[in-house]
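Take a look at the structure below.
Labels run A, B, C and D following the written order; every chain starts at residue 1.
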Amino acid sequence: MAVFRYPFTVRFADVDHAGIVYYPIFYHYFHVAFEELFRDRMGAAAYQTLLDEDKVGFPAVHSECDYKSPLRFADSAETEIALDRLGTKSVTLRYRVSRIAGQERILAAEGRVTCAVTDLKAFRAIEPSEGLRELFLELRESVR
Amino acid sequence: MAVFRYPFTVRFADVDHAGIVYYPIFYHYFHVAFEELFRDRMGAAAYQTLLDEDKVGFPAVHSECDYKSPLRFADSAETEIALDRLGTKSVTLRYRVSRIAGQERILAAEGRVTCAVTDLKAFRAIEPSEGLRELFLELRESVR
Amino acid sequence: MAVFRYPFTVRFADVDHAGIVYYPIFYHYFHVAFEELFRDRMGAAAYQTLLDEDKVGFPAVHSECDYKSPLRFADSAETEIALDRLGTKSVTLRYRVSRIAGQERILAAEGRVTCAVTDLKAFRAIEPSEGLRELFLELRESVR
Amino acid sequence: MAVFRYPFTVRFADVDHAGIVYYPIFYHYFHVAFEELFRDRMGAAAYQTLLDEDKVGFPAVHSECDYKSPLRFADSAETEIALDRLGTKSVTLRYRVSRIAGQERILAAEGRVTCAVTDLKAFRAIEPSEGLRELFLELRESVR
């Protein structure tokens, strides 16, 4: 039971005219880590199959983020995902994006996103399958 | 004293694999309306001059959004900006994105973004100029 | 018979770490103008209906662009579209993006994109409808 | 002497309303591989140092791409970079993006981008340093 970690690099196009990562891009970093979580736990095609064949998706119903320090082009960084709350028909995940500078980790942003587990045909919230519940519950953080 | 409104169209690239606007894009819509606010009130070059010559910018310190209904490709939409709170060295703006369908307006998302008024050279929060204070105060909503 | 023109503003997020518009974004500007061409000539829902109901789309088979001068944040600009060549099952459009500075127009980029008129169900090139042929033929440039 | 290869995954946000990768995104894939080339050959900070301290950059002067087969969400893919031509003050790199399906590689797009080696202060083309020349010359493809 542990957070999921996904390392990445800040791209040339991620920064804005102020020379720091454009603040909406942090939510993109969150989503990319979410995609990688599925690849890592359920295989490369799992998320795509869930969406396209099972017609189950996770539209966001709420998102929020606190920005702690800027990220800049070429920074080495990492996104961590932990479970915040598993509801009956929704899941809230916690995200932390940190800059990696040698042994140091500098928190850049932390946020959370609540998604409705959704039947994409009817666009209606549904209960997640047992497999999905397990995937999310594994992201509970141990007491630290 | 009124909200600022900026109409726009949902683009081909704004939607994701689920066929609805990718949730981080709503924050981009917020920012585009923020850029238009400056163009409208202070002229086409005002925001760029503020950033590049006065070295004053508005990095986000907090953002949040509630998603109410999906936007899809080619939807006609509008972003509204209103003042939530003007602090000593920060400003919180409220954003609403609505879909325009004939006479109807369907709320798609509402959120708020807190920015630190920032000296970009020192990357340190500063008090906004009188002109900036006025620009933001004009966005107070009248009692409705 | 004339080119189609679509004015726009360079956005905060369009520039990259070098402070100029990220070169792939010019192709996005081309596409946004293409979307506006359909809105202008056939109505707000025309392109979306074509794609989602008629299942006809225009995947690019070739694109190219020459970059003449950089665009920067907050620049006022305009995209022009003209017909380069209407084939049996494809269309090549020419795009020019210019910066507008007072009375002056400074060419920033010019390119062309060839799209296959495509049955999206079979993902197979097809002949365009008469309505589409007319839309494209109207973009022929008069001899200059 | 060999091509540089950078594997990646197609992201949720990379596809457009037609359900395939938005054609401008291929140029973004090209650029991401270019960034990784520098990281791989010269270290994580090399490209950023070149830009921000040496004030040397590579604005595109020409780009082109042929699209061979679509990429879709969650595809495993790889970008290859090879030297096309090293000029006195410019470099043309060749890019191929392929989908990886088990042992198979399916070509999705191939293109080339010519960049002017540029003094970013004067925005003027300059001759590349010996180190840069070597980096590019190593990308010559052996006769195949």
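In the analysis below, contacts are C-beta pairs under 8 Å (C-beta built on N, C-alpha and C of every residue); 3 or more make two chains touch, one makes a residue touch a chain.
This structure is a prediction, so every number in the text was calculated from the model and none was measured.
**Q** Quick one: which of B-D, C-D or A-D reuses the A-B interface, over half of the residue-numbered contact pairs in common?
**A** Interface equivalent to A-B, from the options B-D, C-D or A-D: C-D.
**Q** Counting C-beta pairs in contact, which comes out ahead: B-C or A-C?
**A** Most C-beta pairs in contact, of the two: B-C.
**Q** Any idea how many Å lie between the Cα centroids of chain C and chain D?
**A** Taking the mean C-alpha position of each chain, the two centres sit 24 Å apart.
**Q** Quick check: how many Å separate the C-alpha centres of chain A and chain C?
**A** 34
**Q** Using the average of all C-alpha atoms in each chain as its centre, how far is it in Å between chain B and chain C?
**A** Inter-chain centre distance comes to 27 Å.
**Q** Please set out, as single numbers or ranges, the residues of chain C touching at least two other chains.
**A** 12-13, 17-18, 22, 24, 28, 31, 48, 51, 73
**Q** Within the complex, which stretch of chain C touches chain A?
**A** Those in contact with chain A are residues 12-13, 15-19, 22, 24, 73.
**Q** Which part of chain B faces chain A closely enough to touch in the complex?
**A** So the residues of chain B touching chain A come out as 17-18, 20, 22-25, 27-28, 30-31, 48, 51, 57, 59-67, 70, 113, 120, 123.
**Q** Residues of chain B touching chain C in their complex?
**A** Checking each residue of chain B against chain C gives 9, 11-13, 28, 31-32, 35-36, 39, 44-45, 47-48, 51, 72-74, 76.
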